[in-house]
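Which chain is which? They are A, B, C and D, in the order written, and residues in each are numbered from 1.
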Amino acid sequence: MIWVEQIFQGILLGGYYALIACGLSFMFSVMGLVNLAHGSFAMLAAFGFWALAEYAGLPPTIGWTAVFPAMALLGVALQRLVLDRSARSGFLIPVLATFGLSICIDNLLFQQFGADTRSLAPFIGDLSYDSWELADGVFVGKLAVYIFLAAVGLLGGLQLFLSRTQLGRAIRATAIDRDTVGLLGIDANWINICATAIAMVTVSIAGAALGMRATFDPYAGTPQLIFAFEAAVIGGTGSLWGTLLGGLTLGIAQSVGAQISPQGFLIAGHATFLVVLVARTSLDRIADVWRIFSFVRTKAS
Amino acid sequence: MLGTVESGEGRLPGPQIGAAHTEGIVLSAEGIVKRFGALTVLDNVAFALSRGEAVGVVGPNGAGKTTLLSVLMGALEPTAGSVHYLGQNVTRLPAAERCRVGIARTHQVPKSFSGMTVFENALVAAQHGGGHRASEAYDRVVETLRLTGMLRVANRRAETLGLLDRKRLELARAVATDPKVLLLDEIGGGLTDGEAGELVSTIKVLRERGIALVWIEHIVHVLVQVTERLVCLDSGKIVADGKPRDVMKHPDVVRAYLGSAVG
Amino acid sequence: MTLLSVRELEVRHGLLRAVRGVSFDVAQGETVAFVGANGAGKTTLLRAIAGAHLPQAGRISFAGEDVTSAPSYRRARAGIALVPEGRRLFGELSVTENLLLGLSAGNRGAWNLDAVLEALPQLQPIRHALARNLSGGQQQAVAIGRALMTNPKLLLLDEISLGLSPVAVDLVYAAIAKLIAAGTTIILVEQKLDRAMSVADRMICMLEGSVVLEGKTSQLTRDQITDAYFGLGQVGAHS
Amino acid sequence: MTDSGLVVARWTPTSVTFTVAGVGLLLALSFLPTVASPATLDRMTTLFIYVILAATWNALAGYGGLVSIGQQAFFGLGAYVTIRLSNAGVNVYTAVVVAPLIVALFSLPLSLPMLRLKTSEFAVGMWVVAELIHLLVNLDPLIQGETGISLIALNAYTVDQRNALTFWIALAAVAAVLAILFVLLRSATGAGLQAIRDNEEAANSVGVRVVTVKRIVFVFAAAGAAIAGSLWLATAISFQPKTYFSAQWTSYMIFMVLVGGLGTFEGAIIGAVIFYAIEAAFGSMGVWYMIGLGAVALLFSLFLPSGLYGIFGARTGVQLLPVGYWLRDTKSEPAVGQGKAAEA
């Protein structure tokens, strides 16, 4: 029973990971960019929510009307000033540029807000601790369920947006062949700006989720980035449903690991990630061996 | 090194290519199929190159010529079929190892080591592909650069070269690996008559040394000065193979190249 | 009436002068074919007209407006559509999705999804398939359909018979004949001379980036074109 | 070499001067403990550690194209293995020297799966490896989790002895790392490495065994980061996993190499010296110092991706260290093509 509960908690946790991985995976699939400042942007959004609630008395339920547009605008600036410029010089430069950017953001947050850990929980009333009792003694937090549903909704919504709308199709086409979309009347720069803005809104949602379910501090972006990466890569970068699956895998691995030992939480997550990564690259080798084998067998018969 | 690659072809009973026939063959491909997704670029291509022979490859754009070269070199693995070099199956041997045993290529779009000098570009090839050490490698490089007319720019960084010199550098680098088989991909495009003449005499020297050649080129009149055999590829199939004069008159070649209404 | 006017166009790829001082006009409703050997600059010329390459010198005006420095998406919106060499479909998108992207140009007209599927009936049964899984001929039809969806005033076709089986080429050219009959202005680049001559009003032959021969298809002989094609007919010398 | 009078030269007057000066400087520095204060020695040791970190990360990313953001794995392991060896009774300074070799051995099997990954997966994969190793080290009862442990065996030495010994080992290490890198870059393998940097596919088709060459730099970079870690432990004495396995170390490496010049031998050293100077001048500013570092890294990657030495090299054509080849005609000087300097 304890295992079932752990796995259930892992699934709910995985929902959060899918949420934080969503923007990263989206930007990688749309622009082929590895954005190392992803976690830092999530923290920036979380602090945005916190500051609005603390200083202006606007709870996150209202605060999003300011945070989302602000983050989207930041996305426009990010695309125009950093990503577009660095993406032209290969893989390495965007990685280094966003790395530098993340150091700036983290420390600016520290400069502004100090080392204290914060949480959005005080601003959302009962929601932060309310729960449903599923069975005798088995409780499930309402917030965790809502976050999970938000992840499914967001990933599903993005998937629908990408496959059903003209802008979504244009974003996918631009990801495949930036030069050719121009021939069809699509301004690739504008599309990439839209895509970055969307990614930044999803990052804001993830930042809000983190802030409500746990505590955060200016340097909390880095571990979030790692979790996002793990979820995205386990699920296969570039596939949104894969990202959900990757988030769930990571969440379950961590939950089960935590049950084994206190340190097992992180170790199991990292180990699962590496095993999946190595197994996937080894599949080619296995396929090779199989091909040679079947080649020999057909020759021999 | 080569022995570890094959998985038992030699032990198979039944009618194989006769020993007398394979004797002089240095490089051969059988039943090569290459697909990229739904697109079949090479469709059951068979091809054999004798020792010291020079073969020109012609055919319209998209016929699969460069893909064939990449399969022979090992840069691409065929979907089906096999490549043999000096009697050994090298189908699964990666490009670097094939180069070390004596197959070298040039790239259609020059891929120079841009931050290194011309001398250093060729030196990498002589040291790694050719297996030469120290001063022996230097001698090899100097000789190769002289032969390809690149000695005059030996100390220039490759990124400062013009397109024609970059193509020459492709040739120099391939030659510096001491190949037995040289695969050339459109190294003559855009040359003036004088330059084409120089290229032809360079290639003739290589032939005198016993290097076998496969040369893709669209400028047929340059090609025929060096090769005694032409292969025409169209839509991934070999449509003609023989003496240049016969191949260029072959109805399928005329159709493939110019369309059926002409000639 | 002149639809497209190209004057002294120069396009470079790095150090290579791919197009050297090319000038020509295309009238409304006309079909012009560019022929020439590989590397003659035809594809570059077409891409420069579509805005995929920006020229180093010269002028391109379309429907009376100077578009020389306009980016490709502006030209597509103005009515220039290129069916690029190698088709350049979005492989992970379905046939329908590829076609619908043509609507991004924002030009409403006779061509919509139904009209394209009617004009290119071979697409009807495969419209939900992913573009990368199609055969070469089917891909070519999608590429043409996608360009038509932008409702172009000028259609640029680059090597559309490349890598196609003879049957596929027949189908594609049947579609082109329909377009010409409907009054579409077309510039096509084609290695297969007979195909080009069968549809074009005018032929322009290029060699090493320059125009070496130009004339009405009816007034040019095949020998003239072949000579120009190979540069002084050196291949003919041995036969 | 041949009757034609063509000679392959590897040294230019500038590079001879610079190399002799460099070797001379290192030799002169070895006498520093006899004259300098312990504090000076300690600062110099820090500089040497930075040079080692920059030079080895540059070899990995700049030459091998392997962008790792997980080199702190080896940095931390270097320190951890030193602690473990010392705890097992090995002389503490022997442990500082031997630990990196053990870490290098460990990196060899690690390279098998890691080098099969694509660039972005490799970068992040290395990071996760570092996190995982960090967590596993925390499990060691000797380390007591994040509490850490001190290298108590150092107490057997006086402060002066410690400073001098650590300084000498650091000096020897920096000399060894630079010498190995120098010899490596001058060798056929080094030429192959530069070829991979410039065009991996072409390197493959002229016979360069790309994965083997990359494996050599991977292990070399691991050993370099490890000795930097063991030396850092020798100066800092205490080992807290969090400090040693911090991604901050990799961010320093990236900063130094990016500012100095990615993919150039000299650039990494220059970058390390600049970083050291910046840290000395602004390190006390705390957060604003970090913000400044981040901003400089961002600006360099956007506007000066080839770094200071890259700009210097492109402007002047001067080569300070002779890793290249130079074809000279002893009979008629101008017959062989224009030099790098002449054409610039």
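To be clear about the criterion, a contact is a pair of C-beta atoms (placed from the backbone, for glycine too) under 8 Å apart; a residue touches a chain by one contact, two chains touch by 3 or more.
Since the model is a prediction, treat every value here as computed from it, not as a measurement.
J.: When the contacting C-beta pairs are counted for A-C and for A-D, which pair yields the higher total?
T.: A-D
J.: Going by average Cα coordinates, which chain is farthest removed from chain C?
T.: D
J.: Where the centres are mean C-alpha positions, what is the separation of chain A from chain C, in Å?
T.: 43
J.: Please work out the Cα centroid separation of chain A and chain B, and write it as a whole number of Å.
T.: Roughly 47 Å separates the two chain centres.
J.: Between chain A and chain D, what is the separation of their C-alpha centroids in Å?
T.: Taking the mean C-alpha position of each chain, the two centres sit 33 Å apart.
J.: Averaged over CA atoms, how far is the centre of chain C from the centre of chain D? Could you give it in whole Å?
T.: Spacing between the chain centres: roughly 54 Å.
J.: Quick check: what residues of chain C touch more than one other chain, meaning two or more?
T.: 91
J.: Would you give the residues of chain D that are in contact with at least 2 other chains, written as numbers and ranges?
T.: Not one residue of chain D touches more than one other chain, so the list is empty.
J.: Give the residues of chain B touching no fewer than two other chains, as numbers and ranges.
T.: Not one residue in chain B touches at least two other chains.
J.: Give the list of chain C residues in touch with chain B in this complex.
T.: Per the stated touch rule, the residues are 14-16, 37-39, 85-86, 91, 132-136, 139, 159, 162-165, 191-198, 208, 222, 225-226, 229-230, 234-235, 237-239.
J.: Looking at the complex, which residues from chain C come into contact with chain A?
T.: 50-52, 71-73, 76-77, 81-82, 84, 88, 90-93, 97, 100-107, 146-147, 150
J.: Which residues, counting only chain D, touch chain A once they are in their complex?
T.: That would be residues 61, 65, 67, 69, 113, 116-117, 119-121, 123-125, 127-129, 131-132, 135-136, 138-139, 247, 251, 254, 258, 262, 287-288, 290-291, 293-302, 305 of chain D.
J.: Contact residues on chain A for chain C in the complex?
T.: 163, 166, 169-170, 172-173, 176-177, 179-188
J.: Enumerate the contact residues on chain A facing chain D in the complex.
T.: Contact set of chain A toward chain D: 28, 34, 36, 82, 85-86, 89, 91-93, 95-97, 99-108, 110-111, 222, 226, 229-230, 233, 237, 263, 266-267, 270-271, 273-274, 277-278, 281-282.
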